[in-house]
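The two complexes that follow have subunit A in common; it is paired with subunit B in the first and with subunit C in the second.
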Partner chain A sequence: MIWDAVILGAGHNGLVTACYLARAGMKVCVVEKNDWIGGAAVSRELTPGFTYSNCSYVSSLFRPEIMRDLELPRHGLQILPYEGGAVLKEDGGFLAMYRDHDANRREFARHSPRDAEAYDIYSRDVQRHCRFIRPLLLRTPADPASFRPRDIGELIWIGKHMSGLSEQQIAEMVRFWTMSISDYLDHYFENPVIKAYLAVSAIIGTALGPMSPGSAYVLLHHYMGDVDGNVGAWGFARGGMGAITRALAASFTATGGEIRTGSPVGKVLVKNGRAVGVALANGDEIRAKRVISNMDVKRTMLRHVEEAELPQDYVSSVRRFKTRGSSGKLNIALDALPRFPALPEGAPHLRGDLHFTDSIERMERAYDDWKSGHFSRDPFQDVMIPTTIDPTMTPPGKHFMSCFVQYAPPKIEGRDWTDADRDAFGRTCLDQIERYSPGFKDLVLHVEVRTPRELEAEVGLTDGNIFQGELTFDQLLFNRPVPGYANYRTPVRDLWICGSSTHPGGGVMGAPGRNAAAEILRDAKRPARDMSDAWAVL
Partner chain B sequence: MTGPRFDTAPLLETPFHPRTTAANRLQNWAGWSGYRTAGCYGDSEMEHSAIRNAATLYDITPMTKYRIAGPEAEACLNRLTLRNLAKLPVGSVQYTAWTDDAGKVMDDGTLFRIGPDRFRLCCQERHLPWLLDSAQGFDVEIADETEAVAAVALQGPTSASVLTAAGFDVSALKPFRMQDYPFRDGRLLISRTGFTGDLGYELWVAPTDAVALWDHLMAQGAPFGLVPAGTEAVMLARTEAGFLTANLDFIPAQQALREDRVRSPLELGLGWMIDWDKGHFTGRRALLAERDGQLSRWAIVGLDIPGNVSAEGSVLYYGKKREAGFITAACWSPTLKRNLAIAHVAARYAACDDLWVEIYAQRELQYHKLMLPVRKTERPFFAPDRRRATPPGRF
Partner chain C sequence: MPGPFSSTGTTDVVVIGAGPNGLACAARLAQKGRRVTLLEAEPEPGGGARALPDIAPGWPSPALAHLVRHIDPRVEAAMDLSRHGLDWMAADLPTTVLSPQGHLTLRGDQAEGADAAAWAALHRRLMSFAAALEPFRQMPPPRLAASGNAWGQLARNALGLRKLGATEFREFLRLILINAHDVAQDELTDPRLRAALCFDATLGAWAGPRSPNTLILYLDRLAGQIAGGKAALGLPRDGLPGLARAMARAAQASGVTLRTNARVARIEIANDRVAGLVLTDGTAISAPLVVSAIGPKPTLLNLVGPRHLDAGMTTRLRHQKSRGGAAKLHLALSDLPDFGTDPKARLILAEDEHAVETAFNPVKYGEVPDAPVMEIVLPSAFTGGQAPAAPHVLSAIVQFAPHAPRAGEDTARAAMLAACLARLERAAPGIGKLIVKADLLMPYDIERKFGMAGGNWHHGELSVEQMLFLRPLPQLSRYATPVSGLWLTGAGTHPGGMSGAAGWNAAEAILEAGA
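Entry: the complex of A and B
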């Protein structure tokens, strides 16, 4: 049989593409190398009774338009907004975060009265940038070097979109997209802890330090999502992030799609310059009218397509696409809720993000270790305990703790990671938490430690880069993944890319998968069914 | 001797007030049938999320409660209400409604059969004159017991876990059934009922035991995420479930100033309740005529609206031009990620073809007018399997 489409990889974007194509009437098969689905939006039970969010751990970017189009709540998806969070200071103090505006202002004022009020101005300014970028998320980026009518039409649309902006706002935007988060925050704030807290979103998943130019955009990338219209808010997926891909898979199979797990890809089959299917590693061939890869562009093009089928300049561009990994992850099963003596008993702080990095300088020092090819000796950690809200992931009274860690390089001093390196990395992180929560380590029942090595080996992320390619300005919009191929196409006809290597990039957003489906359907001259355009929120 | 001062304290405090006031971080109160109840304890979105994710306590003491007892209570209520009480065994609850002689809905509510000859009717509005008049000729006593019974709704997917931890075994309790439990020196009645469309229970207790019950539930429920929820969160939950509320989705017949505001059960989508064969009941003749002559003038419909702007209070148009109806309840549903509405449409537009909604979306003071096509959709909007599962799930 010849499928209408075969999709390589059952990550969230691959499944989003699969769902839209199936709804448009295509016969679609998804192949996944692991015995489970989910890619980096995955929840596995590695120790009995405990479900983890093994990679990604919070949700905000996932487009509500997609949730609605694909009826994901009906298939089990529920997003839980959370509140709280705190930065624990080295001197024993803390900075807390609250959903209530006035509680938050008073807490900030405890550290700096000026910053407490500056925060509203800062939020307004970042939201202005969100207002500009959000409508671009569900559109194929226009190629300014092309004279195809659609690109010209899209450029006109962007022109109109920008004509509402003042000259000053355009200048602000260009500055914001190119400057460092440290410089940006200096415009608004004076207090080091407040700055350290706000800088976090600019380094997550990024091989940049807070003082590196370009880091401010990464903050925007983490700010532009929403939970039910609250822009910048984050939530948990009930049951772990795997609930997102489980719901996508259920929606997909309900419309007739097929998923084959335990089916690693060998080569994309190319005939006369067109993709005609895929040969699995076990030799089985799946014939399809089009092949769509959810893998990152490097893995797709450099490992699974014969180089002879590709123009040399394209291959060179793909090789140069930056995918430097920068982060690791600890998933911990806990016997009880840990105590942090610095925080008041019963306060909501444990229900949000906990950080221990109380200045941008410390964050930058952590990055310095990465630059010299070592994991951070004093790492930045984003610690969350989703089970303070989600009753489904552990037995009552037990907890799951997710620790996102920076920085961890793809290679240790130029060589591959070893198990000993990984264990040392894990110990460094646990020791840091223990300093703020004495007795913490006694609560630990099980730990999964993931370095870029594990992320690449298991999830397939080249160099362990969680965004399938860094989110720097040179790799965004019409330059993502490489100039001339931002429209989800590749030099091989009928071979498409739908993952986070494409516009608008990484995070559990689903937008690349949705946009790829829109292009594929247009190319196939099939009307898209149930596909919403971006909604206005701000 | 002076009586109570109604001028200085028109709103009563419920028996749970010592605890609800301590929990009410914003001191956000709203009047409800003569009581002061929490509109929001601090964050309605989080409270709503707890209804769908964990468990919540919602003080429903202000619900109007009538005690209807006597040898002919069943016959009296069979004549008053639309459903057949012969099919309601002791220990069961019916969601029901009743009409005036013209077949127009006076209210809807829940009817509890506490004993063979003893019932409790819970509803939004007050109906004592109508109930007393309807009871003429029946050997039955009717009295308002609103202040004599404290009630709290425990709703959400972990609500059964909360009750189990609190020592009340509800594993065999099916939807619309109730059971009596000993509590302190008295009794506690637990019914598997609610207004959220989710797994949930309502707990009925003597006012003197109310605070002890609240404390016991909050202490045992903490590991299951139990928090108090206010009216804003509960009303969002009821809208996404698609349930009707008197005076929000229909005007009770006895209150309508304009004669065209009243609705029949057929027009409110409650036709399924009517037991045409149970013998005579108030409004039967008018409803038969309406049914057989297809005289319904209105239809209540569930609508799915594109985008994310809630259509509360919006007007519906046929072909973008001719007025065809109006929306009574609407929300962006955080649970379903859909933009939903309950609407009245003129009967000839009941299919909702070529129907449009005019929404005024406020963006920083200024309204932007949207004209969007609507699609008819099933009600209840939210009806998860866990709401009916017996034994109930852990979460």
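Entry: the complex of A and C
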């Protein structure tokens, strides 16, 4: 048979595209190399009885429009908002964070009354930037070099969108988009711990330090999500992050879609410049009217498409697409809840994210290590214990701890990671936790250490970049992934890209998958069904 | 206020600060018939181009700036600088990258080595981008609001960008905010060429080449021209003081009254209008129009005072980034040092892109780098053979240096000097024995000697978030200030630098406003 579409990779974006196409009446097949689905949004039982969110670990960015369109709650998805968290200081004190703005403000006042006041202004300003950018997430970026009516129309739309802002606000926005988070926060705050806490979202997953210009935008990227309408709030998916992709898969199969796991892709089949299907690594061929890749642009184009089918300048553009990985991950099974003596007994902070990096300088020094080709000797860790809120992931009384680590380079001093490097990296992270939680290591039942090498091998992220490509301006909006091809298309007719290396980029957001689906349906002259805001791209 | 303000002199316009921009601004206003008084705090005009006291008796010091990259063509033509004594020892200096793997010389799009073709292609592309951006420097920054723009000129400039063609325009949009390091790695294989690109992109900036938004600084450099030569490096006879003297003579010939040793203590304001100013010696000068070229921060925060500004602007000005990252090294030498290459060049001491980045790392934390990178000029090499022989002097811009060192100013200066000399000794063995005297100006020394906030030679960092309509602040970007009759010019205003463009633009804005 000939499918209407075959989708390469069952990550969240591939599944989002699959769902929308299936709902519009297409016969869609998803192929996945692993024996499980989910890509980087997975729940895996790596030690008996313990469910790990062993890649992405929190949810906020996933677009509520998609959740509604695809009826994900009905298919079992539940997002549990979490409380806040704390930064543990080197001197034994701590800064707590809460979901509630006023509670935060009171906590800030304990550290700096001036910063407590500044926090109101800061939150208002950042919210304004978020509100401006959110409508852009579900739109195909206009090509500023094109004279096609649609691109010109889109540019006019952006102009109108901006006309609601005052001259001062536009100036502020340009500053925000181009500044470093360190400079930006200096403008509002004086306390180093408060600044360190607020800078976190600007460095997670990026190959930038907090003092790198452009890092303030990354903060926005992490802030523009919401949980149940609370902008900027974060939550856990009940049952681990795999719950998101499981719900997507359920929604997809309920509308007649088919998923084939354990089916690595060999080559995209191209005939007369058109994609006509895919040959799996085992030689099986799946014929389809269109091929849609959830893999990043480098992996798709450089590994699975014959170079002869692509224009040379496109290939060089894809080659220089920056995918330097910068993050690692420790997934830990714990015998009991660890104790942090700095925090009051029974405090709610363990139900949020814990950080040990109490100044921007320590974060930046961690980045300097990455630049010189080494993992950070004093890394930044975003530590979460989702089982404090979602006990379904472990046996009673036990816990799962997720430690996201910045920075880990794709190569160690120019050579590939070895197991010894990986173990040294893991030890560095565990030792850091032990310093703030004496006896912590005795609670550890099992550790999975993931460096960019593991992320690439298992999830398929080139160089282990969790966003499928760095989030700097040269790779955002109409530049993502390649100038002239930001509309989810490729030089090969009927070959599409729907993953995070397309606009608006990484994070478990689903927006690239949805936007790609909208473009595909438009191209196929099919009405989009069940797609809210379909006008945005159609 | 101590009694009513009474003046001892009257003039139409007072320009504060006789640096290149102050001189250009004063000259333009005088040419248009204004009575202009130009006040300079130091004994010599020139600002960053002025002559400094001798390093040692018999060894004249180079100026803070030691090469010319840009003289605004409007300024050059209208001030007729060559008639007033500007003469070039070299108007198109080659650059030589000093490297342990052998030196490499480049001049414009011509480079030695295996990467010659790649360098030429990259250089030509970036030159075309720079040329498309250049017209923006010769106008006040566009306003974002609908009113007040020179729409015709803006449309012409925008069309200039679009005329690059679809492919090149896309490439322009990709590269405009990229970092220099990635471009160097994408396009070049020779570490010495990568070093040259990364060094020039971050020269004078508080940023390493891996910082996004650094390639645009390189484009800004390429957009410069001297005597009609694009992206050229010029060394005037007598160095930068030669340029300063020519500009001062030209300004005076236009009718500008230049007063040196005249340091302004405060700007007098009555009813939100400029009334005049008072010098540190008590002299009062009344003028309805004051243009300050000494930098937005010192002008508004010190000479005007927060009392006359709204609180928001004061805060913004205080937070405006003005971190200097460059130090200036002057060596009096008993002989010409041997770098193993033709000394009639600009020498860059940085072996690759990482060396530049690594030199920036410690500066972020107020520390001194172990291995600074530098741009070296040996003026005496150009006057060789003349009698009497010129004394040998080495002039180097050393990057990066902390502007607020944690270890204390004197300790940091000593450590920086030691690091510089060690690095020079490796590049030119034996140079240490030739040193008669060494002078190092750290950013804080530069701030003190030249009044540049934070020791940043642009009077405020020239970074994307402080460029164009954001320079120095959105409210101040069109040279006017909230105080009626007070205007800003100088490197702290658009487009930055010491080309005279900011001075000329400000003068044009003042004339257009009929102020």
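By definition in this document, the second predicted complex is superposed on the first by the 533 of 538 C-alpha atoms of A that agree within 3 Å, B and C clash if a C-alpha of one lies under 4 Å from a C-alpha of the other, contacts with A are read in each partner's own complex, and residues count from 1 in each chain.
FYI, contacts are C-beta pairs under 8 Å (C-beta built on N, C-alpha and C of every residue); 3 or more make two chains touch, one makes a residue touch a chain.
Just so it is clear, the model here is predicted, and its values are computed rather than measured.
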When subunit B and subunit C are modelled together on subunit A, clash or fit: fit
Subunit B versus subunit C as contact partner of A:Phe478, first or second or both or neither: second
Subunit B versus subunit C as contact partner of A:Gln168, first or second or both or neither: second
Which superposed partner A:Tyr314 touches (first subunit B, second subunit C, both, neither): neither
Subunit B, subunit C and vertex subunit A (Cα centres) - angle in steps of 10°: 130
Partner with the higher number of touched subunit A residues, subunit C or subunit B: C
Touched partner set for A:Gly214, first subunit B, second subunit C, both or neither: second
First (subunit B), second (subunit C), both or neither touched by A:Trp157: neither
Touched partner set for A:Trp36, first subunit B, second subunit C, both or neither: neither
Lowest inter-chain C-alpha distance for subunit C and subunit B in the superposed arrangement, angstrom: 24
Touching residues on subunit A, where the partner in the complex is subunit C: 143-146, 167-168, 170-171, 174-175, 178-180, 183, 186-187, 208, 211-214, 313, 320, 322, 361, 364-365, 368, 371-372, 472-474, 478-479, 483-484
Touching residues on subunit B, where the partner in the complex is subunit A: 42-43, 45-46, 49, 52-54, 157-158, 161, 223-225, 306-308, 332, 334-338, 363, 394-395
Residue numbers on subunit A that touch subunit B, as the complex places them: 64, 67-68, 72-74, 77-81, 83, 99-100, 227-230, 238, 389-392, 396-397, 532, 535-537
Partner subunit A, residues of subunit C touching it in the complex: 143-145, 162, 166-167, 169-171, 173-179, 182, 186, 207, 210-213, 319, 321, 357-358, 361, 364-365, 463-465, 469-470, 474-475
